[in-house]
Amino acid sequence: MKKPFAITLDVGTSLANKTGSWRTERPVYVDRLPPCNEACPAGENIQRWLYHAESGDYESAWREIMKNNPMPATMGRVCYHPCEGACNRGKLDTAVGIHTVERFLGDEAIKQGWKVEPPAVKSGKRVLVVGAGPSGLSCAYHLRLLGHEVTIDEAGPVAGGMMRFGIPKYRLPREVLEAEIGRIEKMGVEIRLNRKVGDLAEVMKEGKFDAVFLAVGAHVAKRAYIPAGDAGRILDALQVLRKVDAGEKPLLGRRVLVYGGGNTAMDVARTARRMGAEEAIVVYRRSRDVMPAHDFEVKEAEEEGVMFRWLTTIKAEQSGTFTVEKMVLDEHGKAKPTGEFDTIEGDSLILALGQDVDLSFLEKVQGLSIKDGVVEVGPDMMTGCRGVFAGGDMVPAERTVTVAIGHGKKAARCIDGYLRGAGHRAGAKHEVASFERLNPWYYTDASPSVQPMLEAARRSSTFDEVVGGLDEGNALFEARRCLSCGNCFECDNCFGVCPDNAVVKLEGKAAEAEGRHYRINYDYCKGCAMCATECPCGAIRMEPETI
Amino acid sequence: MLKQCEGSVAIAESVALCRPEVICAYPITPQTHIVEGLGLLVKSGKLKSCEYINVESEFAAMSVAIGASACGARAYTATASQGILYMAEAIYNASGLGLPIVMTVGNRSIGAPINIWNDHTDSMALRDAGWIQLYAESNQEAVDLHIQAFRLGEALSLPVMVCVDGFILTHAYERVDVPSQEQVDAYLPRFEPRQVVDPDEPVTIGAMVGPEAFMEVRYLAHARQMQALELIPELAAEFRGAFGRDSGGLLHTYRSEDAETIVVALGSVNGTIKDVVDEMRAEGVKIGSVAICSFRPFPSAALAGALGHAARVVVVEKSLSVGIGGNVSHNLKMALAGRATRVHAVIAGLGGRAITMASLKKVFRRAIEDRLEAVSFLDLNMEVVNRQLERERLERRPGPAAEAILRDLAGAGVGVGAGANGKGGAR
Amino acid sequence: MTGPNRVRFYQTGTFTVGNRLLDVSVGSVQSDAERNNSLNSGHRACQGCGEALGARYALDAAMRAVDGRLVVANATGCLEVFSTPYPESSWRVAWLHSLFANAASVATGMAAAMKVKGRRDVRVIAQGGDGGTVDIGFACLSGMFERNDDVLYICYDNEAYMNTGVQRSSATPAAARTATTPAAGDQPGNVFGQGKSVPLIAMAHGIPYVGTASVADLRDLEYKVGRAMAIRGARYLHVHVPCPLGWGCPTGDTIKVARLAAESGLFPIFEAEAGEVTGRRLIRRPVRAEEYLKTQTRFAHLFNPKRDEARLALIQRIADRNIERFGLVEQEAVA
Amino acid sequence: MFEVRIHGRGGQGVVTAAEMLSVAGFIEGRWAQAFPSFGSERMGAPVVSFCRLHDSEIRAREPITAPDALIIQDPTLLHQVRVFDGLAPAGYVLINSSRPIEALGIGEVAARLPKGHMAAIAATELAVRHVGRPVPNAVLLGAFCAMTGVMKLESVEAAIRQKFRPALAEKNIAAAREAFGMIAGGAGAGAGAGMAGGEDGVRHAEAV
């Protein structure tokens, strides 16, 4: 076309005008730390595995979990999921049921027989892990992934530690636990059962191992002094749970008192109900709101008919009658005796007052430091003795299975660094994607998927798993409730809302090469910040231009 | 075909022969019969492949024509008077975009006071809008000019106004030879637009042009009008060959070769002037006339050639450039710069005031006697004017002038100008 | 999407521009990496320009709807000036600018030309700002409607004459400060009880389709463009496009502010066919009108130096009336 | 050159009359020019139209100030508008009236015209009878042919056929013929002295 001068122009020619020069601030894509990830004691990249689960790629999701946690099916059941307490979605409606998805993925992996292959190249280093509980298993698994040879010495007849002895079947079916332990074994981890390490110093002297990870847990029940007419009526919780796990039927009687307010107290009270106790009464010296047991455990126990006596201490027993004293809370929340007494009838009393660590096997180890009944470790999980690392319940930390799993992972990485003479340096933590960073308008309303509950009547009489898993549809739904805090989930908002088309959408190889799905074209970006404002998950940050 | 019909009907038929594809119709006296005629031709199926659009204003009429022309359709509209002012912005735009729209102007005055009768104030107001302006002397020429206008405009990518005196031509029944479709088709090729809005070859038309290029754009518009000065006579010559008639061209001369006094005018008044010239020639006066057909572009060189030998030129102008005098005479003075020829402007026929042979003869005599002022007003009732001026001297607020003058005229029993149209008709 | 067992849930649904979990066929036009970008990079709109965004949204959607068979007439205004300063054009569509007031008429002419040339596949859009539409271009617009010309007219409403430096138009809301309704005197800002609803006026013409939309709701906007392009005859789309400069809000808040306008009820989003309202966009997260007003300095005098309770109440009443009139809240929620 | 001026009121077909006259002239091979007084065309307002007939091209565009013939379609105008201005000394005047000339109060004008150059005819009545509407223009053209002899009745009839649709044209033609006959008959009975009785509806001016 013969075009008139100036009046008529070729289309799209404004590309010659680089409006990027107007900019005083530039948008930058960032990965912020999702609060769930931050809260996870096992250091799982929850947002990341949910991302895979959202698209139905369960295997990738599971493999993402497996980078940090070798036992998703177990953890999906027993973890107290601090991630969900931190979940930003909780501020919107209800937190994402992360544990339910994790459990689904773990179960799916067992069902599908997914495996993790250790690297073909071996490091030539050998590590001894003492104790086949969660942190020991976790450490062994991660060490195998890092190419080391691992042997676990377990004192007991079966692997699992507190996962087996401390958690009833109705919360963690044994076949699930065994499947996940078995998977670790199949990676080449040698588990030597019934092999108690009596003296670690001696084992070390043999020089078969280049490093040791101690993970013996805390299995010595704490006692309370209760003058009793019949000491046989007083049992400890772990003992009871262990017997039940082994298929025995401890004689508890019709009316069982449980002394303590932790999760173990709940477990044992609920177990007592299942063992035939008509009444199970939890006696706790403080009030419900300061009780250490998780809310959901208390709630489930109540549903199963477990009764509670708050602000009560047990002073003595005589012929099935327990003398109790009423307590009051002072201004610090501490229980104080009142001098008022009462009695409760009970056929047995189960003490659930916590556990101590059996540290006898460490007596001859040089340099170890023990404080408050636990072994002190540095930030690299190493004890005062070079090459000896420790984790789980035996080191100062919260005593949960998830913390133990996390310890195992961290220790493995530090041991790896130690063995390679390089030390381990964790990457710098990203800024947390707090709720204020999000633009929650974009998220669809979605109430959480409810896990099916075993009806109460059945619960009090059987050890069937109380909480069922999600079916695939529900798991997918639940995964998709994730807000993907601080991490791009390819919603195209930045690409769409830029008035200057200055966001380039990358697909296929371009996206792979870039490691992102979008790129800012700074030739045209005027720095209006619309992309940052409208990013639902807070994955774009405006940074001042340097002039 | 030779026929006796109203000018507007003949123009409508002529436009239809040009196969317009989009016609925008909006009524305004005295142009209305043209678009009515076209409406009938479209509605009755005689003019096919044509969108006839009843728009809501003249501004819309021109705007619709702009859109249509920019999409490569041959577009036509007609207007007059207030209508041309109402579309003024779009008129400039059409030429600025180089869209060869053809528009008939049924020339009429502009208010206030509102007046529906003929003069050239309307088209003169838009003389600098970048359009080619052709003025028809008769309905035959009006018919012919429309055919040439489409050809001319499309050749140069410029819009063309064909100016036809309102009522005097538009409403006059007279003998007209309306050509055949075959003749017109042979003369007027298909519209091949210079540029077009088309999804197949998208462009941006109507960009904002800043100081760095605006002068050049404007100059190019001027250059194209200068090209028109060459093309207009060529097209008229070709027209003569094809249709056997002299129509169009830059100007028409009449007994002017040896004339000492030459009368210059636009449009239909040239017929009356020719009759006066004949009468005065019969009396031995060396007088002739020149009708300017193309006022834009202004044929300066041709006029200098046609008028340069005369002692004086009397320009009979149907518009008043208030505050200075005549528009045509001013342009003409530029064309005759450096020559001894005197130029007189005679403002005549404003608002439909009849231009009579008697009055013209009188004024030409005065010119020949060298008693004619540089600017004069034909048949102006000075008595009325002076009375109002006197009133205004005496009172600060003498009331509306037009009404006072009408009162004066009624009181004095004075007819509306000597030989005013049909006496009571104009009152 | 409220039941716990519904599986078809996609995290953000269709509120975001795209959704990697959705099938490509139901993706928005804007999420398409190959979208037309009808308004190209390098245009000179201010940072965060809602109009630039709205125009690209609308034209890209239209281009897809008609498979690229589109021509556009554009009224004078910001959109025209920032997109086509010689020697560069940002448009990637066949585009014509004539005047401020005549876009609707020019489009009529374009549609007539296409019809007469037998090119019925080529569709015509006219577009302009609120000044060029509801004020100076109103007569041409009404004429185009009344004749039912085959044109979709899109008004990008930023509620004032922004091109000339923020002067009041008949789309300027009550109380808003503009250069010609300054925040001075005892009744600062734009007068109450003025202005008009061109969508309702368009409906009164009985044209086949009228819609309002917002840059804050892309999917709704794209749906409406698609719906409009599926219909022949005169159609009207009125798109709310905040102007950070004129409204006095951060450049990054354009969409946020538009969203608050819709969610407060001050900008009702609905559609109508043949003069009857046939659909409305329900308010999702209701907010008080003042939550919207607070985001913009053009309303600052309603809050500083002290709250103008009386006029805030009046504005809230406007929002409430819209909500009631167009049924912007779900019925059970109202009950 | 023969110039005709037609006076009437809006709605009476004054402009059409001039146009038909010009068409009739064209049909006879002459040059003709018809044009109206260019007013806003409202019902009832005084209207003037003009028609020039000539044997060569007509160039002048000025209004007709010295008509050779006047057709007054509405007698109420006789004393309202100066209809007789400029009338040629031997001009013709045709008036639409059922009353005799003497009763119209224009004796002074009648007196200075040659015999047979002024006539009154009840054209409206004829029109109502033939056409069914009070539009006297075609009727008066029939009478005009008879009175002036400048135009053949057949030419006017052909012009009427061009202007009206067939049914209406034939009715108008019938009325025009009757008017022609009335004037021609009157003139034939005694040119100039044609003083007929009231019943035929034709009133010739008395030569005084």
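Letters A, B, C and D name the chains as they come in the text, with residue numbers starting at 1 for each one.
Following the convention adopted for this analysis, a contact is a pair of C-beta atoms (placed from the backbone, for glycine too) under 8 Å apart; a residue touches a chain by one contact, two chains touch by 3 or more.
Model, not experiment: these values are computed from the prediction.
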Minimal step count in the chain contact network, subunit C to subunit D: 2
Contact-richer chain pair (by C-beta pairs counted) among A-B and A-C: A-C
Whole-Å separation of chain centres (CA-atom averages), subunit A against subunit B: 92
Euclidean distance of C-alpha centroids - subunit A vs subunit C, Å: 49
Between subunit D and subunit B, distance of the C-alpha-averaged centres to the nearest whole Å: 34
Between subunit B and subunit C, centroid-to-centroid distance (C-alpha), Å: 45
Set of subunit B residues in contact with two or more other chains: 97, 201-207, 209, 213
Multi-chain contact residues (two or more partners), subunit C: 84, 86-87, 89, 91-95
Multi-partner residues of subunit D (each touching 2 or more other chains): none
Which chain pairs touch, all of them: A-B, A-C, B-C, B-D
Interfacial residue positions of subunit A with respect to subunit C in the complex: 6, 9-19, 22, 54-55, 441-450, 473-474, 476-477, 480-484, 489-493, 495-497, 499-502, 505-507, 521, 523-524, 526-530, 532-534, 536, 542
Parts of subunit C lying in touch with subunit B, wherever the complex brings them together: 68-71, 73-74, 80-81, 84-87, 89, 91-99, 101-102, 105-117, 122, 139-140, 142-143, 146-147, 149
For the subunit A and subunit B complex, residues of the former touching the latter: 1-11
Of all residues in subunit D, those that touch subunit B in their complex: 5, 7, 15, 18-19, 22-23, 25-27, 31-40, 46-50, 58-63, 65, 77, 80-83, 85
Complex interface listing, subunit B residues touching subunit D: 3-4, 6, 29-30, 116-118, 138, 165-168, 171-175, 268-269, 271-272, 274-275, 352, 354-357, 415, 419-427
